[in-house]
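These notes open a run of structures that come right after.
Look for chain A in each of the two complexes below; its partner is chain B in the first and chain C in the second.
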Partner chain A sequence: MESALSATFEILNFGAIMVLVVLGLGIIAGMMGIFNFAHGEFVLLGAYATYLVYSFGLPVWLGMLGAPLVVGAIGFVLERLVIRHFYAAPIVAMLGTYALGLIIRESVRSLIGGLYITVPEPIVGSLTVGDVQLSRWRFAIVVITTAVVLASYLLLTRTSLGLRVRAAIENPSLARASGISTNALYAITFTFGAALAGLAGALVVPVFSLSADLGVRFLIEGFLAIMLGGIGSFEGSMAGAAVVGVLSAALPWVVAPALADVLIFVIAIVFVKFKPRGLIAERRT
Partner chain B sequence: MRKQIKDSGIASMTSRRRFLQSAAWMSGAVATSVSSWVLRPGWVNAAEAPIKVGIATDLTGTIANAGNANANVAKMVVKDINNAGGILGRPIELLIVDTASNESVAVANVGRLIQRDKVDVVLGGITSGMRNAIKDVIVTRGKTLYIYPQQYEGKECTPYLFCTGPVPAQQCDQIIPWLIKNGGKRFALPSANYIWPHVLNEYTRKLIENNGGEVIFEEYYPLDQVEYGATINKIMTNNVEVVFNSIIWPGVGPFFKQLYEAGFSKRGGRLACVYYDESALSINEPQEIEGLAACLDYFRTVTALDPASARIQVEYDKEFPGKILLTAGTAATGMYRGLKLWEVAVKEAGKLDREHVAAALDHAKISEGPGGPAEMVPGKRHCRLNIYTAVVKNGNFEIAARSEGLVDPREC
Partner chain C sequence: MLEDYLTIFVTRVLILALLALSFDLIWGYSGIMSFGQALFFGAAGYGVALVARDLGVASIFVVLPAALAMGLVLSLALGAFLLLGRHPPTTIFIALGTLTGSYVADRLARSWYYLGGQNGIPSLPPMTAGGYEFAEGRLYYYLAFSVLAIVYLVCRFVVRSQFGLALAGARDRETRILFFGYQAQKLKLTVFSLSGAIAGLAGGLYAFHDGFVGPNMVGVVLSTQIVLYALLGGVGTLIGPVIGVVVTESAGFWLADSFPKIWPIILGLLLLVVTLFWPTGLIGLVVSEQERIGSFGRSSLPPRHADTGVSNGTA
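So, the complex of A and B:
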């Protein structure tokens, strides 16, 4: 019983973390057709910004609030200076964002001296349920993730900004002809995606400690999630992220951990073979 | 206004040209990147050229922190040797190349050190993977002496390859009996899935059983795993008393945190991790690793017991203040010993050819170093060392036990 409870909690928690990390990646990939290989490093920047605020003696939660703004701003500048030149050439975009990611990662590495640095949780301690101790902060992550996903979904589906963004994605020429500035919308979307990555980094840094390679691990699983969920739909990438997160936390409970890692990819490949357009296929024609 | 060029012929030409431009730019950047540098001595001997010492270590990449500590120590030791008149009347020129935490980069850079720069000795490599990748380039094809400074799993018996870090017999023989006395008999061995933990655990398991303990489980995880719910559950439900960890970064931080949150230390469990040193203390909050036991050839607190260690530590901190620390887990202490033992050997040999230096290095001794004296075991190419067991208290290590004299590596 205790095992079942802690298993459920851990799996739910890691699923939420994956969703949080993939959210921004999925929005940028789905909306703009850009595979942002620097996404892991945007997550890292969010974590680093949080650490920086904390190291100045300010409360951690302040860093967590500031991180999305800072990373969003960095994302905006990068989009204006670099990324926008890549829209016509997705392959170059991959290389370019990869290079950007490398620059960010190695810069952060030299700033923190290549160390692994702990950042405390804003909410410490554990909830005791029966004999099982559940981390309060991990619980908070699940709650915040749910709220953020819901807010993003509503923003994209229920507001006029969301409508214009979707119009610009669906048919850029027609959107422009209708007086929508796709140029500005791309900038907004990329900034938003980057800010979400920053938020993800800020929230997970107390769980995983700050290190230059923090984002690398999530990048591979993030792309796996998008492949699984289907490119081009918000719901798809969220569903994909949940599946990948839940699988990577759940499989070590049933098979040897070294095997679990491989098994996730095997499952994903088999799935994509039978449903090549993903869990929730894009309805665009 | 953005061009709509997805399917037109011009578009594919444009993007191809752009692609080629980007690729050319990137390869140019890679080719010209700084991956090595030379530190020339402050003085020269008119009659003879300087002795060339090559350092191949990970200045960039995932273990850059350890690599830079190694490079720092090498600079400090070589500066001291040069200030004291060099070796055999000749100054030392230090050539440092970056192995970049990447074996294929390393092989090329180390090859250059041997072929072009013709160094007299190479020290470096941190992971076992790195040692295996570059040892052939140095020892077999390069016909050069190689000194490996890191604690590792043992069993490296290649001629002309000398190891100056601790091996399982040195670390485990000390810490396992101590853990059984100060922790309990029920052990879990959670480990990262690569060579060092496998070989270490094989040795540890025997030792635990011989000392009346038992191994509840031994499990291996992918190197980048960060979620350990299933493992923690196994530890908590099976009443494990001692967690003898060989999970490494990035997993080790989240693992210790989750273990703490599950209440392992609250119920009196003992954490142990032989490679933990001062630079690893920042990974977790102090309360999460309170009571963690480590076992190495040097800890900073040894400076209170050994004046020579204190002098070396003060000199290092003065020359390299900042985040790159002189610690044992990063191979920095092994690097110090390696250079000093090699200095002794060259002085005894009176020349620099590999045969004579190797013969002298085979029984070289130093009376001072971080952690105390050290000596090569003749015919074994491994070091006898002082070994310390230390426990984390309020975020710092305190010495809990020390070996009686130098401990034999029992290798080769």
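So, the complex of A and C:
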């Protein structure tokens, strides 16, 4: 009973982290048609910013608040300087963002060396449910993720900005003809996506500890999640992320961990092959 | 002593050039983005390493054909899965599919005890031909050089044949090639497996040159590194990727000593510059656009720099 409960919690927790990472990736891919290979490094930057604030002796939660702002600002600058050259050229975008990611990753590596740095949890201690100890901070991650996803969903469906964003996803040229500046929207979207990645990095750094390769594993799983869910649909991306996150946390309980890792990727890619429009297909026209 | 060291270094560069060539054959000439070229390279390397370790066979007449065949079979299987089917695959799907393949192989190699796990398979016997042994050094250098030269000539023949022109056509405007009655997906699968075979051959050479195979040989890092080299040298040409590997590896050889931390960052910046402003790469300095495969006379279309970055190919 206890192990089942803690396993469920573990799975839920990892699913939440995956959702948080994929949210930004999916919004950028759906909106701009750009598969941002630097997304994992935005996560890394968020983690690094948090660590930096902490290393100055300031409280960790302050770093976590600051990380999305910093990474969002970096994202904005990069969008203006680099990313805007990549619209309508998905392959060049892949290579270009990969280059960006490489630059960021290696810069961070040269700053921290090959170390694994631990950052303490801002909320320590654990909740006791029955006989099981659940980490308060991991619980907080699930709560924050839920709040962020809900807020993003409301932003997208209930506000006029969201309406314009959806218009630009659905039909960019018609949106432009209707007087919506898709250029400005793309800048906002990219900034927002980068900020979400920064938040994800800030939240998970106490769980995974900081190393230069922190973002790499999230990247491929994130892309598979988006393709699994269907590019351009909010619900799809979230469902895909939940499936990938839950699978990658649950499978090691069932089969050998090394095999589980491989199996997730194989399942995901086979599914995408035969259902190229993803889990939730009816929104695509 | 330094001369020996240089010989070994140059041999390794030649083998990597072979891998970059195999990447460019499918990206530069056929528009298939493979982010997993190291998969075929490394899998064939592991394959021949197992042949040498478990069967005790290291004859060049077995090892190199075996590496070629392993690369071919593996890329044929992966290519058939990714490329064929009712829905023509998107470029993103192929890129992610190959990337995933390489990542999965890396994880598998790291955790599978039979393959030596993190440590890989060390101390392979030297490759033999009759009484001769190909140890690191001058003889191996000649071997690698001849293989590269032969493969280069084969590729040159392929891309200039009817088949190669049809591929270039499918790269630039697939529907038109379909209307001509070509089965574009099958053309692509053919060239994908040819490229996999070349990568496999390179992997076999690399394994016996180093006397060692490890998980890094199949991984994402090598896969993306090869993409980078080819782009820097100039894709869409056969000599471009070779030049790219030679230039970057040589620069890395000198710079990595003095600036080990900054070198990967410089590499990233270079790649960014190439993708943004300089899609022809280094080769664009030397070869004119006129020589591009699949374009005779002047194109009536404006150059599509923003589209794929490969439309500036030359041969």
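Rule of thumb we're sticking to: the second predicted complex is superposed on the first by the 279 of 285 C-alpha atoms of A that agree within 3 Å, B and C clash if a C-alpha of one lies under 4 Å from a C-alpha of the other, contacts with A are read in each partner's own complex, and residues count from 1 in each chain.
Heads up, the rule we're going with is that a residue touches a chain if its C-beta (ideal position, glycine included) is under 8 Å from a C-beta of that chain, and two chains touch if they have at least 3 such contacts.
Remember, it's a predicted structure, so these values are computed and weren't measured experimentally.
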- Query: Would chain B and chain C fit next to each other on chain A once aligned, or clash?
  - Reply: clash
- Item | First (chain B), second (chain C), both or neither touched by A:Ala258 | both
- Message: Looking only at chain A, is it chain B or chain C that touches more of its residues?
- Response: B
- Query: Between chain B (first) and chain C (second), which does A:Pro172 come into contact with in this model arrangement: first, second, both, or neither?
  - Reply: first
- Have a look at where A:Ser135 lands relative to chain B and chain C in the superposition and call it first, second, both or neither. first
- Item | Partner chain in contact with A:Ile267 - chain B first, chain C second, else both or neither | neither
- Message: One more residue to check, A:Glu106. First (chain B), second (chain C), both or neither?
- Response: both
- Query: Regarding the shared-chain residue A:Phe223, is it in contact with chain B (first), chain C (second), both, or neither?
  - Reply: second
- Query: Who does A:Ile180 touch here: chain B (first), chain C (second), both, or neither?
  - Reply: neither
- Item | Partner chain(s) touched by A:Ile144 [first = chain B, second = chain C, both, neither] | neither
- Considering only the touch criterion stated at the top, classify A:Val92 as touching first (chain B), second (chain C), both, or neither. both
- Message: Counting clashing C-alpha atoms after the superposition, which of 38-46, 74-82 or 110-118 on chain B is the one that bumps into chain C?
- Response: 110-118
- Identify the overlap between the chain B-contacting and the chain C-contacting residues of chain A. 88-89, 91-92, 95-96, 99, 106, 109, 216, 257-258, 261
- Given the complex with chain B, which residues does chain A contribute to the contact? 2-3, 6-7, 9-11, 14, 84, 87-89, 91-92, 95-96, 99, 106, 109, 112-118, 120, 126, 132-135, 138, 172-173, 176, 182-183, 186, 207-209, 211-214, 216-217, 248-249, 252-253, 256-258, 260-261
- Query: What residues on chain A touch chain C, complex-wise?
  - Reply: 35, 82, 85, 88-92, 94-96, 98-103, 106-107, 109-110, 216, 220, 223-224, 227, 257-258, 261-262, 265-266, 268-269, 272-273, 276
- Query: In the complex formed with chain A, which residues of chain C make contact?
  - Reply: 33, 81-82, 85, 87, 89-93, 95-97, 99-100, 103-104, 107-108, 110-112, 220, 224, 227, 231, 261-262, 264-265, 267-269, 271-272, 275-276, 306-309
- Contacts from chain B onto chain A in the complex sit at residues 1-6, 11, 14-15, 18-19, 22-23, 26, 60, 62-66, 68, 193, 219-222, 224-233, 237, 249-250, 253-254, 257-258, 261-263, 279-280, 282-285, 288, 322-324
